[in-house]
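Each of the next two complexes has subunit A plus one other chain: subunit B in the first, subunit C in the second.
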Partner chain A sequence: MGFPHHPHPRETTVLTKHFGEADARTLAGWKKRGGYKALEKALGMQPADIVNVVKESGLRGRGGAGFPTGMKWSFMKPGDGKPHYLCCNADESEPGTFKDRELMRWTPHALVEGCAIGAYAIGAETAYVYIRGEFTEPLHWMESAVKEAYAAGIIGKNAMGSGKRIDVHVHKGAGAYICGEETALMESLEGRRGNPRIKPPFPAVSGVFGMPTTINNVETLIAAAPILLNGAEWYKKMSLSSPKSTGTKLYSVCGNVQRPGTYEVVMGFPFKEFLYDLCGGPLHGRKFKAVIPGGASVPIQNMEEAEATLMDYEGFVAGGSMLGSGGVIVIDDAQPMVTVIARLARFFAHESCGQCTQCREGTAWTTKILERIRDGEGTVEDLDTLLDIGEQMTGKTICVLSDSCAVPVVSGIKKFRGEFEALIQGKRFHPVTAAVA
Partner chain B sequence: MAEKKMVNLTIEGRPVSVVEGTTILEAAKTAGILIPHYCYHPGLPIAGVCRMCLVEVEKAPKLAPSCATTVAEGQVVRVYSDKSLDARKGVLEMLLINHPLDCPICDQSGECELQDYTYQEGREDSRYREPKRFNPAEDFGGDVIYVPNRCILCTRCVRFMDDVAHEPTLNVSERGDRALIGKFEGKDLTHPWAANVVDLCPVGALLSKDFLNKARAWELDRTASICPNCTQGCNVIMETRENQLVRMRPRPNENVNAFFMCDWGRLNYRWMNEKNRVEHPMVRGKNGLAASDWEAAISAAARALNGKKVFVAASPMLSNESLYLLTQLMQGGSGAFRVTEGEEAPLPGVEDLALRRERAANVYGAEKLGFNKTKDLLGGLGQGDVLVIAGEDLAGIDASSVARAGDVIVIGSVLPEAAGKASVVLPIANYSEEEGTVTNLRGRVQRFTQAKQAPGETRPSWLVLGDLLGAIGKQTNFFLPSEVFAQLASSNSSFAGLSYDSLGFKGLPLVDAPPTSPKAPIAVAAR
Partner chain C sequence: MTPDLVGGVESPDYASHDRAAHEPYVAVFTGDVKRELDELLTRYPTKMAALLPALWIVQRERGWVSDEGMAEVAGFLDLTPAYVKGVVTFYTMYHQHPVGKYFIQVCTTSPCGICGAEDVVKAFLRHTNAGELGITSPDGKFTVIEVECLGACGFATPVMVNEEFIESVTPDKVPELLARLA
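Our next item is the complex of A and B:
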């Protein structure tokens, strides 16, 4: 768990081990903790071998989609005569998610190292770290880490004396949620408006500046270093749910919970124990009502589903949701669900880039209906309309922002329909007694 | 050149075979199916944003945007499946939720793709109960007004200015449902080709100031024609209401103007509505020029010509047919023409397309038929020659320079002041009132047709000239302009083999015209 708290004994701290140690942010401090050993090892290996180790480790993308990282790296064909690029997606904007922020705040050198390893593995000489505009402190630490690493010759024209060139550039975004979508990120990086591109072509064929590009999440790249040092077997073994989901995963917990913060647990950890033990359970006198386990874009779980869930890619799907970005939003019985969902929808309506019709109009329309229901002006037909708009917004647009907006709305109506109907019937939600009257 | 690979697929049960790399939307067109779409335009890069052209592709998990999906061997595409229809119905409903539904006062009404597809595939009612978004109308400069409330953010206008005009002027401002088309600071739609955004706009969001509130689309008569305003020869549609030309719009021709025409050509149509017309044949009598009937006027003109040397001052706006007949009148004399000039203004996104320096339709044709291009129009007029003024207004020419002529015959739609001593005036139809062909600067012969009625007793120029030739004893038997053209084609090797039938409405190059390549559509890839 993140500073100022000590990790919970049941956490497995691999990536979060040095959280809270101010010294670890400097090059000297990071080296003292074993930093850049993995990069040194990597530069002595063949890129294809690195890709194979990562493939074997079963590491999957930590940004939300969970695509196998080794396989993604293997899409980058060596010797195609084109410059390759690595993009690190540090535009962590998913509501409820702040794990990458903490990683960059406390272990900026770990990301520099991860970027360098990733870039070398995919045959790229340049890595871009696209940091969310609001992340001023992580930006500061990342910039200082990159500067230190250049000065020490760890990256640059002759990375660690290997004769290989690896450049790492830190790019500050301007605070748009959509720029976390990989193709929008690339548009933004190139200096254009952050609108998602039509796929295909996929980034591995035509990404940044039209060149083959791999884009990875912060946590994914940082995880590559311990995997290289300790081996794929070590990484797989940690997990309780090998071989499908391996290693550890960071969760950022927020909402109505005793101990919000960043936690690192192994894959397959029971969600119930995570919520009640590690996170300390609900606030005094309250009960959990719902959990959004993977950032605002995944389906809402009711407690029955959540408590039966094992925390890995498959477990959350079995539990009616998705692992997503690991942003756990806990909602207790004092929160009216309609208000929660309306607020989520408003976020998506605000952040829609406005390219695709369904998303531009649908997110705003959904929000207006939800807020009307919230204010006691809803009708029974509104729920059908919402579900139908949700259907229209799913799987029909360039990127998944539209789907993401529909997800909490559709799952919320399905799982908490009673609260919607009560408001429509003119009843009021009482936040103290949590009763509808 | 390597043989292009063909791909076979089935669209709505119809077998289709198209070149590899074709999009489903374009492939469907070949099968006679127009998949509804807004953001796609064959002359612009693909955006894939309106999501209107979604179709079902068998074995694909999701509906495919047909504008951005290329065909694959054996593909089975369903355009009208329940799933596709439902998705498009959804898009139409969403496009209309913030639309003001002000069709009764909208210029686009009747030629609006939002109306068309809504009638075709949309819902009968809307489920939208919330207040609508509002943004005030904005003057975009040039000939363009923007009405954001009607805008569906297809971005055709943005892409035209960026990728075809190469002058980024428009953008999508704001985002989400607040998005609207904006202008860059300090920029206006003053590019010489900017008004094309009005044609490109599938709805009533971008309007022409010139056409604003002038006519309803269904009151217009539309005629295929060629823009007479420069030597490029852009294919156009002339639109008239109550026999008045009210608008010119481009007609696609991949060999000439792709999908576009320039603002100067587009807005320069009022001269064809001119009111100072000569409406009756006139013959000079004791009391000066007096109205006459055609027979008397033609005989008077024939008498005036009577074997004398003729000098023809022609207009380069006249058709190949009329210019050809004029050469038959010369009787050993000669002909000349002059042409107004202006600045050349290319459209950089399309190869060899520009508003040309020479501002008349048939400069190339006139030269080809032996008329001298000159600045001194009457320089070749010999003492005592019969001066035939054909379509020329003699603007800026002093009456004294006409005095050299032994006699003057005016064949025109207006009576030039400098031709005051004319003995015969034969009124002819102007460019928009008759049929014929013109030859553009690359030697392409293109047909234009009659867009409106000529006033009074005026007759088409080819008919008048044919009669006149008959009256001076030449063998003529013309009942149609196509017959004049046939004679031209058989007597002039440059025109050999061409006929009205073979020209069609896209034209053909002269036999000796330099080869030109078809105008490739803009690069297909999305930016």
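Our next item is the complex of A and C:
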């Protein structure tokens, strides 16, 4: 609904329908809106049937990687005699992304319900919702929703009278972007430093506490409830690009744009209309220069690419980037690209866990070189050095934080090389005229 | 106190730090707080998993996590103090020394950066008299730091004051905000 703005008629509000309604945060208010009907239905089904419906719906992970959710759930083998766990990744820390924050602070019961459905489907009795420590408001509402759900017998040792035990626990992170990486999240949940693990073994074999684990994003789990209620066909039909990308997707829009906020549109929506119509276009007197459409870790798009993009998993790849987490960072012509990219590199350098040399050293040196270019002290060799470091940082580490740092740098140099070169040649960027001279 | 010399320059005044550090340690996990920890332990199959929540309790009760606090947690969870310290130092949100009464974190990562977050930081430093990032103001009230992405990019610039999350802060709103705190 373009929250906090009025809903736009071209949005399709399924998950965001009740944003801004304070009453929806309480159990009574949530039930009035049809809450927990999907869980009730789920508990009357066989877990394998739930997995099949989700598989059939084409739902893919909304956290960034886009892995098919039903398939992920089907990796959890029933009857292996081991405890299974569900982890909900609510460590939303990708710069530009804040959709899960809105979901949790406006519809906390939707996530409790999604976790309970997911846990039941994968044969888990326990779900942990790992929420980043800075999210004090989502933490508050999630804790309150869990408490209400326990008191009402919706979750607990006999969830909704089904005889099934489903526990949901909120776990507060303590400040580390890397804990959004699934294996780092599990390490952190176990009470360790958040260092990602080498895969394999994959979480479905050996996840948190060494047991079979499924880890899903907040938006993914919440989407499971309406899919169960309305059926896979309904979900597929909403999309303009079915069957490859199905359903609706939340986008959190920020940066130099008229109406930043959280939007929900069907897959395949034209990005140009999204940016200019739904989000209101550029600020007065300015022009869009670049977009990072899926959180800081995806390639930067120039406007030519962005305006030709259809918003789905395949469309963003065709447009030179990725859907990622749906965190749309809009950059206008008043912003020097080198400054923007240098600040992103600094973010990754700060957040590197330091395990892998390529990442620990690569993110730090990338930042140093970019900042010296930004400050007018760059040399002609610097761009080649950056590209070389970028190559050394890609595909060589335990997790993709290293790659994520290289992506905006390499794509930025490729698409906005002129701005880098002008600064190296001693020219200055003028934000008012947006010209390099 | 004799100022420590770092490279021939006086180090920042950590008087408040020293004062707090020299007070006798009072155990955190007694009575209701101990019961809170016991309840937490039922949520996980291992004791170690309660480490992050237990450290949060220490910080809530004492304002920061001292070495003694870490040792106390280690005792309850069958860990070594060194292990606990290793975990504490990994995360950014545990204070390893006392901070001002109001701990102010301003997001300056790129999405907020392009919306003017640097000016918000400057306004906080000026109006709190903290002067410098990470240094507590002379009256002990304010510590200002820059923080990496707070995850509210559409509400630039988000600022956290202790546990309170404030959206859409601009430089001109800073004096009013501080007046409300003081």
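Basically, the second predicted complex is superposed on the first by the 434 of 437 C-alpha atoms of A that agree within 3 Å, B and C clash if a C-alpha of one lies under 4 Å from a C-alpha of the other, contacts with A are read in each partner's own complex, and residues count from 1 in each chain.
In the analysis below, a contact is a pair of C-beta atoms (placed from the backbone, for glycine too) under 8 Å apart; a residue touches a chain by one contact, two chains touch by 3 or more.
Computed from a predicted model, the values in this text were never measured in an experiment.
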### Query
Given the touch rule stated above, what does A:H350 touch, subunit B (first), subunit C (second), both, or neither?
both
### Query
Who does A:R372 touch here: subunit B (first), subunit C (second), both, or neither?
first
### Message
Looking at A:K396 after the superposition, I want to know if it touches subunit B, subunit C, both of them or none. Which is it: first, second, both, neither?
### Response
first
#### Entry: Partner chain(s) touched by A:R360 [first = subunit B, second = subunit C, both, neither]
first
### Task
Pick one for A:V340: touches subunit B only (first), subunit C only (second), both, or neither.
second
### Query
Which partner, subunit B or subunit C, is in contact with more residues of subunit A?
C
### Message
Looking at A:T183, would you say it contacts subunit B, subunit C, both, or neither? Reply first, second, both or neither.
### Response
neither
### Task
Check whether A:R193 is in contact with subunit B, with subunit C, with both or with neither, and answer first, second, both or neither.
both
### Message
Residues of subunit A that sit at the subunit B interface in one complex and at the subunit C interface in the other, please.
### Response
176, 192-193, 350-351, 353
## Note on the structure
Given the complex, residues on subunit B that touch subunit A span 46-52, 54, 61-63, 65, 68, 87, 90-91, 93-95, 97-98, 127-130, 152-153, 171-172, 174-179, 526-527
### Message
Under the definition above, what is the set of subunit C residues touching subunit A in their complex?
### Response
43-46, 48-53, 55-56, 77, 79, 86-87, 90-94, 105, 108-111, 113-115, 147-156, 160, 163-165
### Message
Per the contact definition, I'd like the list of subunit A residues that touch subunit C in the complex.
### Response
83, 92-98, 101, 132-137, 167, 169, 171-177, 188-194, 209, 252-256, 260-262, 296, 327, 329, 331-332, 335, 339-340, 343-344, 347, 350-351, 353
### Summary
The residues of subunit A that touch subunit B in their complex are 176, 178, 192-193, 197-198, 349-358, 360-365, 368-369, 372, 381, 385, 388, 391-392, 395-398
